[in-house]
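Following this message is one structure expressed as structure tokens.
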Amino acid sequence: MVPIAYYLVLAAILFSIGVGAFLIKRNIITIFMSIELMLNAVNLTFVAFAHMWHQISGQIFVFFVMVVAAAEAAVGLAIIIALFRARQTLNVDQVNLMKN
Amino acid sequence: MNLDHSILTLILLAPLVGAGVLALIPERAGNKIHAIGALIVTLVTLGLTLHLPWHFNYAAARGSFQFDQNCPWIASPAIRYHLGVDGLSMWLVVLAGFLAPIGVLASWNAVKERTKLFYTLFLLQQVAMLGIFLALDLFLYYGFWELSLVPMTLLIATFGRTENRRKAAIKFFLYAFIPSAILLVAMLWLYARTGTFDLPTLQALAAQHAISTNHTALWLCSLAFLAAFAVKVPIFPLHGWLSDAVQEAPTAAVMVLAGKLGLYSILRFSFGIFPEQSRHIAPWLIALGAIGIAYGALLALIQTDLKKLAAFSTLSHVSFIVLGIFTFTTMGIDGGVYQILNESLVGAALFVLLGLLYERYGTYDIRDYGGLATKHPWMVTMFVITTLAAVGLPMLNGFVGEFLILSGAMQSVFSYHIFWTVVGTTGVIFGAAYMLWMIQRIFYGKLGLRSEEVKGWDLCAREHVELWPLAILFLVMGLASPVWMQAIDSYGAAAANRPVAVEAVNIEPASSEPHNNLTLPCAQKTPCNQAGAFVDPSLAAAAVNKPAPPVNKGAQY
Amino acid sequence: MQTALFIIFGLLAVLGALNLLFQRHPINSALSLIVVMMSLAVLYWSLGAEFLAAAQVIVYSGAIMVLFVFVIMLLNAGEEERTHGSQIAYIAGIPGAAAIFCLLTFVFLSEKKQLGTTQLGGYLTSAVSNITEISHTLFTSLLLPFEVTSILILVAILGAVVLARKEL
Amino acid sequence: MPTNLLTLLPEIILTVTGVLVMLAEPMIAPGKSRKPLGWLAILGTLASGLAAFYQLQLVNASGPISGFYATIQVDAFSVFFHLLISSIVLVTLLASLDYFEGPVSHAGEYFALACFGATGMMFMTCSVELLMVFIGLEISSISTYILAGFRKGQATASESSLKYFLLGSFATAFFLYGIALCFGATGSTSIGAIAASLGTTATPALALLAIAMVVIGLGFKVSAAPFHVWTPDVYQGAPAPVVGMMSTAPKAAAFAVLLRFLFNAAPMYRNHWIVLIEILAVLSMTIGNLGALMQRDVKRLLAYSSIAHAGYLLVAFTSIQQDAVAAACFYTAAYAAMNVGAFLVITQLSGYDEQARTIDDFTGMALKRPGLSALLGFFLLSLIGIPFTGGFFGKFYAFSGAIHNGHVVLAIIGLANSGVACFYYLRLLAALYARPVREDATLLSPRKLAIPAGIAIAASAVATLALGIMPNHVLNLVQRATPETLPAFSVAPAVSTLPPAAPTEMTR
Amino acid sequence: MNPQLLWLIPILPFAGFLINGTVGRKLPRAAVSAIALLFTAAPAVIVAMLWNYMKFGNGPLTFSAVSRPWIAVSGFQVNFAFTVDHLTLIMLAVITGVGFLIHLYSVGYMAHEDGFWRFFAYLNLFMFFMLVLVLSSSFLLLFVGWEGVGLASYLLIGFYFTKDSAANAGKKAFVVNRIGDFGFLLAMFLLLAHFGSLDFNSVFTQISATPLTGGFLTAIALLLVVGATGKSAQIPLYIWLPDAMEGPTPVSALIHAATMVTAGIYMVARCHVLFDKSPTALMVVAVIGAATALMAATIGMVQHDIKRVLAYSTVSQLGYMFLACGVGAYSAAIFHLMTHAFFKALLFLAAGSVIHALSGEQDMRVMGGLWRKIPVTFGTMTMGVLAIAGIPIWAGFFSKDEILYQAFISDNPLAKLLWLVGLITAGLTSFYMFRLWFKTFFGAPRFEEHGHSHDLHAAHGAAIHARHDTKLVLEAEPEPAHGHAHGVHESPWIMTLPLIILAILATVGGWVGVPLAFGGHNEFEHFLEPVFSSAAVTPEHVSFRGAEPILAVVSIAVAVLGFLIAYFCYYRKPGTAGAFAQKFKPLYSLLDHKYWVDEIYGTVIVTPLLAFSRFFLGYFVDTGLVQGTGGSLTAGTRSFAWLVRRVQSGNIRSYAGWLALGAAAVIAVVVFGLHPHLR
């Protein structure tokens, strides 16, 4: 008998950690992972709400998010590879040719 | 076919089409085809504009618009293609038409490269200027108003004289554009309140106090209008752009740079839509006008760069007009409008002449000149005539305007008007001083550094052609002012007489204490045309039918 | 039961997330993320989303994370360097993240009453199974998204091919 | 044809085109010109535009059509954006036919991605189901992420792509969170259902959170401050024609979603989000213009300017509903026309290898290429907001609505901002027309303007001009678009004081 | 007589101006001079006809011609309208008559100058404006002439424009006149504002009808006085007139002696209705007149340049006229105006003849003993000197005496003082005129000893701080023989003829105003009575007529005293003056430097004004405030722009940081509802 709110808070925690990780991590791949973490937090929210509303569409949404995440991962990792080839680095702090 | 219904559109179209055609003709080094084309176009435009005074109905009701052309353009928001002229704008249109060929001639040799660009922009500028004078729909007007900035900016940026040109162009544009943006807000606010952009409608609403009951908003709105126009004029503390722009702009552009557009807009829109607010703020603008007169003249006195001198002299001259129109007397407004014409013509002549000097000697530094009178007798003649017109010598045009303006100022009913009239009148002294000093330093005395080195030549035929019409106009307008005044007065009298219930805040009635004894004599006065030996009987009769003399006019506020 | 599951796996998820944050080697981070995902799968199940729990394990932990690990290996990513490229991330970002968290939590907790509680299996009251319901919805009212996803995947493939091709 | 397919006609055409391009690509031998693929894509885009036009006739005849279990709604609003997006893509494709010519080319993929991206954007604008919106958004985003990295051999290309991708995904997460919260507040992800239950929801705080999150996510997509930070870097690194497209088409789509969401789903909370929009608008205008002020790099300059324009567009949101939608739509179109045009000209002027990048490189360009310079000048003037251009009328209309609704201060800030803005546009403009300070500053050999690119630029210019001097047709469409998107939910009395437009031949 | 004939009077000279001004350059000199003379003589003939019509026929008192309007706005109209009354008639006669003579003289004097055509065009232009001035029937039209003569004067003073001093003098004249016009304009504005018209008739009718005195009438009158002091070279604006001697000598004669400078007197006389209403203004006029008369006379005593002596004498004589106006003796003022025109024109022309004879020399210290060599000039000039010195039977005696008498008997509180000042001035006048006479024509010839060469600058050694030559050689080619003839010679007939005529006039011209006390009828005063009917000549004054002979004797005595001193100092013992100068060095220096008035004006007004313009207005206001405001705004915007660009660090994590912060802010704003009541 856990209040839905707790699930939501848990999701919020995960989401915030995801945001924090995005800010703190230097490795691009890890940063990308933190985005996945954020998406997962959102998914948890969806599922919790789906449970609350007794609506299956929330769950389906999560399913679509997974698909999207997969597609994004494919493209994202390809971009990372391309970048690595061009710059020989995965450190995000060194990806700052363009500024001001 | 009756031209009257489409003449205004034709006037607008002629330079526009001309610009388009010129833009399509390829440019080859050294040929004059664009200059010739531009000359033809401007002459055609001039011819078309001359249709207006010819067919103008001088007897029509005051404040009515003629040659009206009014058709829907954009349905929502309700924007119309509405053109028309009245006594105020009619001569200004002709003026714009008249100055254009002179501008082309003045650029004939001065612009050697990129002639296509130059003349195309010049004609576009012409379109914008004519559009401003003709438009009666606020939106349409605003279009032309903003449009007028563009060719000018490009002309300055492209054909500027020194490395400073880009900066000057941008400065000019910013100075003009930012207040215009605020003007747009004010216009939109007006539209939001009234649902129309149509000027006559708005004027009618304003007369009935039906625009808005929110006085603060109306005030802010009127200030937005005024500020945008004041920068363009420029009115005294807002003239920061002027000297840079004047210094850089080519002659043909500088001729139309300052003065008429802003002043016309004040007369048409500030006075038309915000009659009360304009009257309330008038004492301040009278003060600024008077200060501007003296300020510009004094600064002109100390300049060593001819263009800067001309810039400050322009400031001084337009300040006269500001002083005049804000007196809200018939004489002041009539004189102001008349002086717009004069200022433009005199300024044009002056800038043309300076351009001629520059063509020959390649400098605007007054210290390089001297003793040119022996070399260029004709040029000195034209210079002196222009100078005399500029300093307001009677029988030349400048005097009529200045006299009406200053006497209007004296008749004004705003507080401290006598003081400001006196300040403004000092411009008569300083004006003579700097102009004559300029003449002396350029033409008299021993040959200067530059004038000795360079050969130079006196006016050629083309230059005569561009200067003589101006000189003749100076004289004719100085002697036969009623020809012009007839139309102008139909506007001026209406603008000055607009019955307004203004609270006597700073507009004391004639019996206020500072000039107590001065105003008493006129209290029990009748129209002062006792038909004596000095007065022609027919005129005396005409005078009886006229409204009360201007003195009494003040009393109604 | 529900509470226990929530506490255990919730905690595990948070710890996993924090571990992701604090580990310096990407592989370790990836593994922590897998832990998070697995915990979440359990929580999904506890909320009555069996299908999603399975998908989470298969798609996320299985497919996506493998891809990650693969790329990490491919690029031979080592421990991350402690560079100091950004002050803003600490000055503005972390407080921002904290504020987001606080705001979200504040709202959720203040709406706690209205949101109600969960009960294990409470969701599956109807006769149809979770999966049936999902498939039914997926092929009726949400048919179009389902179909359009194919375009998405097509784009992803196309992009991956273009970007990762050697010449670039 | 079944209604369902009819509702998706443009999208289907584009998808098929994209697939065809993909299929045909390997059949062309490596090293051969990819232009036929380009023409194929152009034809497809054209067809989809025509299809959208056909849809308009249907809508005119029978009102809004919905399809696919009410996930899709075709109405004047969506048709407008369909037409807009297809036009943008069409023009961009025309202009980039030659751009991607080269020995190692991915032109085929480029054309296909453009088609797919356009499909995604179209989905965004016509769907009334947030899931569908999300997927459309992802399609368009992923395509643009990839397109941003399309400049071969440039170190900046992959960086641009990466920045866009990482930050974009970051923002997507917020958007998604917003949808989740929306779902939490109402139990549905369909716009209509949300609108219906949002007014009676037991958890208004959740609804507010949802609105905030959605605005954050879409704010990123439209590059409104403070979510604008990616814009200059990404634009700088991306190929110029792509920037022209991605600064307009996805933005237009995102604005469409924002309009639908705010005005259609959440009109109840208007008083809350309008403050937010005002703040974003002011911030965007100010930051965009200030950022551009001292900028020397032309693409970055235009990137900042696009931020500012997003701000002007957001001003339109503060009008009463009908005006807001109409003004925003119109502004989107005007902005698209002039911005695409500007980028296309810059592509031509700076050379495909982007030799001329800073303002100084453009000095005296009017001497060498008078025609293109004049057009760039024209686009810049439109961006400034000089009358008789689309930019002016758009701004005019947007601010007019705002003032009408009492947001005078906002309008003043906005217009003062456009005063600041003209400084940097003018600097570029003045540079074009000024005599070069150094003769060696522009040593580029003028490259002949390809005919398709010329057509594209001319089309943009004509569109910009037409939107400025005869906006009636477009105004008609956008003004009609409004009521159909907004069924019955309105807080403020939806009476526009602007008189309704008289119908014209085109829309009748 | 057709009133429209009046138009011809000014129009004819204008036609002459147009013809000579446009095509004169191409015409031979004979044609130019013929045109100029013809177009000057014709108005003189018309004036004569007019005189005949009005004086001897039973003609009307006034005579008007109105043409179309010049300025017409609602409620105000000014026409081109001319009116002739008796005052105008006298002015017309003087202008056309003396003007014609001077034209004639100029033909000879300028015969070898470059710019011959230009000179006559300007002269005709001047005639035109001067005639407009006196003919006009309204203030505004009067102002046309008023300004116009200033313009002509400017052009003629600067005739030798290659000389800096000439160009400067021209400019100075115009600008100083403008200061006067400033007052005139303001007066017109006030008149217009309060009487609604600028027509003389209308304004004066209203003024005489109003019960008011003083107050604003005084203000208007004083402003008019400012104008008059400018044009008539009175304190404080007299400084331009001595410098105006840079112009050719006939110009000095016509403009700066006979006609233009009297415009101020004419105007005051014309406005006598107004002045009579304002005792204060009259007092001011009288005091200014007296002070100017005295001051200029003292300066005139020590000048060495023959034309400058005459110039200061003109200022002094104008002071007399002002004094006359100030005591209400308008007809006396006009009488003196007329006689002064005769004898001063004569003096200038004669001086010109002397200068001509000496090929451009103007310094009296290098003259002397000329009476033998140029007898006609000598003779005529003697007449002039006698006239101005106030020796009985010559014209100046009657008019000056009338003024002194009127001053003495006037009800002005300072009447006796004014009279005394006038008397002293009369003595001084006599002294300096005879000084001139002696130095020029008598004593040992000092001319040759300076080896007068063509190069005048070389000739003028450091020892002589004389003024520059007026006749500067403009052309590079050698001058005709006469310029180089080192021998002194008499002028040709065309120059001496006007001299003779004027000498006759200077002798007999005063006889029209012989007062009752000397058995005359004072016809002049009667002639002007219709104009000045309300003026000061009242019966009570007539009763004092007995004092007149006594006063006359006193003034004759003073004049003779002046002659004797001059005779002693400059003929009998030529060293005396120098010794005096040595003895009273500070006083001499004061006079020699003309009381340092130019320098004082320079330091007190011009320099501070320029400094104020340059430093306060130019640097502080214009550069600092006007431009600086824009500049500081720009700088402020730039620094904000710099901040914005700092945000754009290029680092993805920083960007994410901003995004997160922004997101937090947005959420906070929405959740905690910054509600619309903010607006």
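Going by the order they are written in, the chains are A, B, C, D and E; count residues from 1 in each one.
Going forward, a residue touches a chain if its C-beta (ideal position, glycine included) is under 8 Å from a C-beta of that chain, and two chains touch if they have at least 3 such contacts.
Chains and their UniProt names: A = NADH-quinone oxidoreductase subunit K; B = NADH-quinone oxidoreductase subunit M; C = NADH-quinone oxidoreductase subunit J; D = NADH-quinone oxidoreductase subunit N; E = NADH-quinone oxidoreductase subunit L.
Note that the structure is a prediction, hence the values are computed from the model and not measured.
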{"item": "Remotest chain, chain A as reference, centres from CA atoms", "value": "E"}
{"item": "Farthest chain (mean CA position) relative to chain C", "value": "E"}
{"item": "Identity of the most central chain, Cα criterion", "value": "B"}
{"item": "Averaged-CA centre spacing for the pair chain C and chain B, given as whole angstrom", "value": "71"}
{"item": "Distance from the mean Cα position of chain D to that of chain C, given in whole angstrom", "value": "31"}
{"item": "Centroid spacing, where centroids are CA-atom means, of chain A and chain E in whole angstrom", "value": "96"}
{"item": "Geometric centre distance via CA averages, chain B-chain A, whole Å", "value": "66"}
{"item": "Multi-partner residues of chain E (each touching 2 or more other chains)", "value": "645, 647-654, 656-663, 665, 667, 671"}
{"item": "Per-residue multi-chain contacts in chain A, two or more chains", "value": "8, 15, 18-19, 22-24, 26, 31-32, 48, 50, 52, 57, 60, 64, 68, 71-72, 75, 79-80, 82, 85-86, 92-93, 95-100"}
{"item": "Overlap residues in chain D, where contacts from two or more other chains coincide", "value": "131, 135, 138, 142, 145-146, 149, 158, 161-163, 166, 170, 184, 205, 208-209, 232-233, 295, 420"}
{"item": "All touching chain pairs, where touch follows the definition stated at the start", "value": "A-C, A-D, A-E, B-D, B-E, C-D, C-E, D-E"}
{"item": "Touching residues on chain C, where the partner in the complex is chain A", "value": "2-3, 6, 10, 13-14, 17-18, 20-21, 26, 29-30, 33, 36-37, 40, 43-44, 47-49, 51-52, 55-56, 59-60, 63-64, 67-68, 71-72, 74-75, 77, 80-86, 89-90, 93-94, 96-98, 100-101, 104-105, 108-109, 111-112, 115-119, 122-123, 130, 133-134, 137-138, 141-142, 145, 149, 152-153, 155-157, 159-164, 168"}
{"item": "Parts of chain A lying in touch with chain D, wherever the complex brings them together", "value": "8, 15, 18-19, 22, 28, 31-32, 35, 38-39, 41-42, 45-46, 48-50, 52-53, 55, 57-58, 60-61, 64-65, 68, 71-72, 75-76, 79-80, 82-83, 85-87, 95-100"}
{"item": "Chain E residues within the chain D interface of the complex", "value": "637-638, 640-645, 647-648, 650, 652, 654-656, 658-659, 661-663, 665-667, 669-671, 673-676, 678-679"}
{"item": "Of all residues in chain C, those that touch chain D in their complex", "value": "103-104, 107, 110-111, 114-115, 140-145, 148-149, 151-152, 154-156, 158-159, 161-163, 165, 167-168"}
{"item": "For the chain E and chain C complex, residues of the former touching the latter", "value": "647, 649, 651, 653-654, 656-665, 667-668, 671"}
